[in-house]
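Same chain, two partners: chain A is paired with chain B first, then with chain C.
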Partner chain A sequence: MSTTVSSPRPGNPRPDNSAPDTGAAAVTAKPVTWKTPVLLAAFGLIALVFFGLLAPNKTASFGISTGEDFFQLPALDINAFAGGTVLSVLLLGLAAYAVFLKTKDRPAPGWLTVTFIVLFVAAFLLWVVGGARTPSISLAGLIAGSVTLAVPLVFGSLSGVLCERVGVVNIAIEGQLLGGAFTAAIVATMTQNPFIGLAAAAVAGAMVSMVLALFSIKYLVNQIIVGVVLNVLVSGVTGFLFSTVMQEDKARFNSPPGLDIIEIPVLSDVPIIGPILFRQSLVGYLMYIAVLVVWVGLFKTRWGLRVRAVGEHPQAADTLGINVNATRFWNVTLGGAVAGIGGSFFTLVAIDSFTKEISGGRGFIALAALIFGRWNPIGAFFAALLFGFADNLQSIVTIIGTPVPSQFMAMLPYLVTVLAVAGLVGKSRGPAASGIPYVKG
Partner chain B sequence: MVRVLKLELRGITKRFGTLLANDHIDVVVESGQIHCLLGENGAGKSTLMNVLYGLYEPTEGDILIDGKAVSFRGPGDAMAAGIGMVHQHFMLVPVFTVAENVALGAEPTKAAGFLNLDETRRRIREISDQYGFDVDPDAMVEDLPVGVQQRVEIIKALVRNAKVLILDEPTAVLTPQETDELLDIMRQLKAGGTSIVFISHKLREVKEVSDTITVIRRGKVVGSAEPTASTTELASMMVGRAVSLNLDKAPATPQEKTFEVRDLTVIAPNGQHVVDGLSFDIARGEILAIAGVQGNGQTELTEAILGLQERVSGSVTLDGKELLGRSVKDVLKAGVGFVPEDRKVDGLVGTFSVAENLVLDLYDKPPYAKGISMSPAKILENAKARIDEFDVRTPSAAAAAGTLSGGNQQKVVMARELSRPLRLFIASQPTRGVDVGSIEFLHRRIVAERDQGTPVMIISTELDEVMELADRIAVLYKGKLVGIVPAGTSRDVLGLMMAGIHPDEHAHSQPAGSRPAATSDHAEGVDHD
Partner chain C sequence: MTEQHRPNDTPGGQQAGQSHAKHHHETGPAAEETAAVVSVDTAGGAMEPSAVPASAQSGKLPGGPDTLLRRIFTGSGMVSVLAVFLALVIGGLLIASTDTRVATTAGYFFARPTDFLAALWNAATRSYIALFQGSVFNPRGNGLAAQFAPLMETLTIATPLITAGLGVALAFRAGLFNIGAQGQIIVAGILAAWVGFALHLPLGLHLLLVLVAGIIGGALWGGLVGVLKARTGAHEVILTIMFNYIALYFLRYLLNTPAFQRPGESNPISPILDPSAVYPQIFGTQYRLHLGFILAIGATFLVWWLLNRSTVGFEFRAVGANPKAAQTAGINVSRSTILVMAIAGGLAGMSGVAQVAGTEKVLTDGVAATYGFDAITVALLGRSTPWGTFAAGLLFGAFRAGAVQMQIQTGTPIDIVLVVQSLIVLFIAAPPLVRAVFGLNPRRKKPARAAKNTKAATTGGAA
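What follows is the complex of A and B.
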């Protein structure tokens, strides 16, 4: 009944290792599904029919340089029919490759999906512009505008990353953006200093977050519910103060001095890249810095390791002497501050005053960007850019006049959101303890 | 030489509300010793260790290290004092690498808080080489087998210079072979100067490895024992009365085979074949035990039979009638009694009374229901009879089931399932988290059911239980049947089978230490099927 005599294994202390190891590999290997190849093939066919075969035989013109650029590049002129057909054939090729990989039981690599999206967007652009009344748009303007529209989204999704990585779902991004926008407007107007307004926006966002943190961490209220309630609360309070205070005396309360665009000499004149990277407001530059800082912080520093541990396995963090709830509280607060800065973009850079619901649901799109970007700051950044692009494209395309009704174009950002979150780029897995309050013992 | 410390717990009392989990416990762990805390589930061993590790604050009492009283405000303090703990449920972040997990909480950093994981990797390799752990610092923890994860936990403690290592039920998740390896590691650690507090309720292991044994019962130290004490002695100290560890059961008299499973396959939502082509049958008057390490398809197998799984193929017949594709209600109606593995989640409604829980499957049928109304008198009557029959210790039939002890909860579930005439009885982990006294009782009931001529299927990850109850033993590994062997098959063979190695193959490869090769060959064979 006893196995005191465990078989001696001279020279090899771990003989059983090979079996469990092989087994573990088999368990963790995720089965390759047909989802991606089928989706790609479907979109490839749509591209071929609409953007290729049904495309107008007209020339679409894409301006690359803006008037302010240091050196000018000629515009790209492409025949919509020919270009669309070529692109859609390439798309089908990519889809076929994905199918081929699936038959070999291998998943489609990430670059394939990304290339597919880029080509698909290009084909779509060709088709839309080619069919427009004025078949010419400025590519540089399109991209620069996308970045501008994406700024609050990026800040919002960074806020989401900071909160969810530490285990708190932040549905209140919308409220934090709105609170930031309102506070920036009123403080900047009263102090006549946009920088103080910017700082105040961060504080306002942080305060909204602290309420979320307090209720969800200390009082264990459902995080989604607190978040939703906060959105409604901030919307109500700012709306009330807007109509009772701001509108009464616009000059005193709602005409903030804006943050100027800072042009970096020479670099800002490089076509396409210049306006994106080197012709931004302070908030725009802060955005790039924030993305990098959060990424480096999360993945390269002690702080980040602890944050991620708390979001994945709070008990483990606790047993190693990390204060789970304090870590959560301060990270959620930090996230709120980041979103608040994003909110200031509305009133200090984009528009020169606050209006009701100025954030217009972008907090929720930021949430989608966070998921699409797989809880990674850089992923979230590019996802936010994509949403900004869809948003901007929709307005530009409406201006140049397209065969598609503008209402449909207005759906574009949301359509992209739904497709993205539905898992176009494979399944994304969030932090394991996200949304689950931590109770000791 | 490493500084070795002496640890003393003096009068530790821990109260949770009205519950007294630890009552003036005194334990002295001499340096360089393996000190076992023996006690049943719920005796208060883990609570005591959580106090020692700084996770709980003691209501009363002192912790002394080398004679000096210390107070821990958190695990950080305990670790700083040289105490490390390997929890029963591993405290590892699955999506982190080994190095990240080991570094967490005591991260070596460069300037400005940047991680210096190279330092951690170096330490892991050092320790890994010293004890023959064979752990890759860059492996993702979720990809590692449980035994290796446990070593990562041990490394975590050693990197923090633990002088006293607490192992909380470390063998619960291991195969018998892995257990033997762990016991070896413990001896090595001891030789290297680390004291170990070994928490267990498994007598065999305790006797094998301990230097001193302290027995805890209902939150109190009831005595200490030498490892030379007999199993029966230890068991009665643990339980507080004489227990017979050996179930006297008559040999089975199998009759016709009424339960057949053919090519049963269950596909998990992620596409994995969690039950893969199982075929077996059970005769009336026979107990078939399904052995295997947890997570090898046992849960899905029982759920498939019950009709709780979605993507199922193959066939399951009881008395010639197909069960697959039928609703759970139909399956129960066909005479299947089922004790689920997690009684709190699937077996009981904790907030319902004991009486209500006893008719969860029959509440809508006469005599408990008349049309749309229930008859509480009948339900109570039934409850009283069952409570007597199964010796359920409950304040009353109206007490909420969730307030009973684990053993009594399990008796309620078992009483309900056995109160109907059955054509098949399935019990999953029938005695998990149940006190030794109740185990005896529950085992007798299962055997009694067999003797009435019901085919019985037991799923257990406890090899002792399997060996005690089974007339035949089927071993599952990664959803496949490794083989079906007769009762009385040795623990070693069963252990190998639980690691996926078929006994015949093992017999061929036994000589000359060729086991590694045989092992990997077999594993490949399995994966390519």
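What follows is the complex of A and C.
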């Protein structure tokens, strides 16, 4: 990185309105704007009013241990009003710190935003549960359920990371998940072996990705167009084959043997952490491995450096002897394989058969998680967890009966993403060359 | 050259452009290309918006009926026809592959291949004939009115596809990906339906207000995306996708509230719109075809005029072709972005009105069906020109209408339409592929080059 770029404009006090300018400025100069402090303060105030002052004076109970746990911890009983007030005061404190940093022309650090989000979710949860007809939920179950729901999201967003980091926009995550789910179901049923089904799902996802790569790299078709169209194509093909083949003979084509939950002895009985980390299906364990491998691969290896170079500045990468389009092709293919494995979760773990549109738009939530996680595997993982949490909470609030309509809970991931791309988590900026075909010349 | 490329390492279009201006004296052709490639990153978003017109307009000719002949005889028109043909062939193969007769005859293929081929041909053509009879002309109909009933159904289904497709196409031309027609239809449907069943106004005025409410609803939902993009640089693809879901869940919430739920009904369905609030049926009550179709023709003409004859439209196209150049030329890119998204939303809003005031006459959570997503393929097939979009809307309307009949008559699932539609768009977007399939490519060196590429690819990937 050289410094021949325009001057950093350190004293710019206003959020810049002209879009191209902010995009460029955030990269090199990072003028500290009021956007983050103001947004944090606004959300802090919302928390104080709704989750604090207007919270019901009732006790919300959070169960931590389940009956089968190794050792028991007592349930957490918190007064919703007191807890909500304390948490929202903490939130306002964090916002005040961000304002203080802004006056010193320093940006709000990443941990501050993350802590803010965690505390805000906690305050929200306290408010929701405190206002419920039966103000008691199992925290362990809530978190474990969130992780389960997040598994396909994590795989999907990892696919997005792999593709976008190398400069190819992947809108086709939905199609890759759906293709993986379908293939896993039909292959696992026909071979009566879930592991072959899992491998076939990866191949199916990779094949969807190869179409994306072929059209966007070789034929230079706009990547977003290919992605959108591929989703429709996969939906059509799987829907067609489902109606004609699978429904004709369900036993032969659509009753895959599931992947069992593998419990690691002793460790799986630790409260909260046990079920999350040590009581998963094979796909669940693969998820943790995949996140780590992709992160290490992208940021600690030579391969990752090349991938990121191709995604940020393909001309430079080409000059240094990297085959840009080949790197793109194989990375996109790999991404599809990862998403395909995620798709197998639907038919091999979650539900024991394929139905039309089984992925139900989760590919788009994965896309949102990718952006919310700022194109980083770890970030995408936690964003996916957050969205899985919202998804899970949605079904739980309808059971315990709360004032919040479940539709708004379902809306949450999308709202959060809009806020994220509009600047809550700083500038969400993807790899520079993402979406631009590379023509050697 | 390397030295001057370094600033681009920090990926901001703006700086890249500026640094190139500074180093003007040593700008070589390669560097200029870099600037061209990098500078299209308008907003720091993940995806590059103005690539759309580049590819969507690649085969673009001025729209309008007078150029129709010209379009047919140009290469791109031929590619379009071949793409549709190729997609139909692949769709036919897919249909045939699941046909039982084809499977049995394939068993003795080597003994009597003609049986297999006949079964293959039968399976595919039977479905397509049913598709045609369900969408254009049914010779077994009782009288001329019944024989043309399928055509009327096609036009009815094409109506929302055309207007929403126009919205997507207009945004494409301004360099914006409007994936949000779905949400815009929904919000328009909410407002239009509410005006339609909650207010009780005189004939004429009521319908007008329904239409205006719908257009405003769509325009607000689309314009909001424009504002967010212009203000924060957030990418419109992400925003519109998210807004689709937000609109859908908002609709589902509303349909469970007393204000929108039909009294005495536990299902999420609204009251029926007042008779004064619905579109009159054009050709009498035996067809569903309603005034919305005439309005869709009007909207097509309006968009054509807007794009090709008005200053605003010129600005849209200028921004779509090169936002930086447009900005330099004094065009307010932010204003243009907001305006084009609002108009696009308004057009999609017309689809919402066509649904609640024309076809369905109630509001359910399936009000938008998949029209918003189909609109994208319609706009792409129409190459983002107004009349092209109109024609594509008719074609896809015919597919939709015919598919219902096809499923009833031959048992071929409706999903085959999705396959054919998406294949058409894929092929049209990649003319070299279509030409290669039909052996029309002038260059014959393709296989050798491809092989070399793969070889390099493996080494590149492994290194």
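As a convention for this text, the second predicted complex is superposed on the first by the 412 of 441 C-alpha atoms of A that agree within 3 Å, B and C clash if a C-alpha of one lies under 4 Å from a C-alpha of the other, contacts with A are read in each partner's own complex, and residues count from 1 in each chain.
As a working rule, contacts are C-beta pairs under 8 Å (C-beta built on N, C-alpha and C of every residue); 3 or more make two chains touch, one makes a residue touch a chain.
Just so it is clear, the structure is predicted and the values come from calculations on it, not from any experiment.
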| item | value |
| --- | --- |
| Contacts of A:330 with chain B and chain C, given as first, second, both or neither | second |
| First, second, both or neither for A:361, with chain B first and chain C second | second |
| Comparing the two partners chain B and chain C, which touches a greater set of residues in chain A | C |
| Touching partner for A:300 - first (chain B), second (chain C), both, neither | first |
| Chain B versus chain C as contact partner of A:308, first or second or both or neither | first |
| Partner chain(s) touched by A:226 [first = chain B, second = chain C, both, neither] | second |
| Touching partner for A:432 - first (chain B), second (chain C), both, neither | both |
| Contacts of A:109 with chain B and chain C, given as first, second, both or neither | neither |
| Contact residues common to both interfaces of chain A (with chain B and with chain C) | 1-2, 4, 6, 17-28, 306, 312-313, 315-316, 319, 322-323, 432, 441 |
| Complex contacts: residues of chain A adjacent to chain C | 1-2, 4-6, 17-28, 164, 169, 171, 211, 215, 219-226, 228-230, 232-233, 235-237, 239-245, 306, 312-313, 315-316, 319, 322-323, 325-327, 329-330, 356, 361, 364, 367-368, 371, 375, 405, 407-408, 410-411, 414-415, 417-418, 421-423, 427-437, 441 |
| Residue numbers on chain A that touch chain B, as the complex places them | 1-4, 6-7, 9-28, 30-31, 33, 300-303, 305-306, 308-309, 312-313, 315-323, 432, 440-441 |
| For the chain B and chain A complex, residues of the former touching the latter | 50, 53, 55-56, 74-77, 79, 85, 87, 89-96, 100-101, 103-107, 109, 112-115, 132, 134, 142-145, 147-148, 156, 176-178, 180-181, 183-184, 204, 207-208, 270-272, 478, 491-492, 499-501, 513, 515-516, 519-520, 522-524, 526-527 |
| Complex interface listing, chain C residues touching chain A | 2-3, 5-15, 18-19, 22, 30, 33-34, 37-38, 40-48, 51-52, 54-56, 94, 98, 177, 179, 228-235, 237-239, 241-243, 245-246, 249-250, 252-253, 256, 323-324, 327, 333-334, 373, 376-377, 380, 412-413, 415-423, 425-426, 429-430, 432-433, 453, 456-461, 463 |
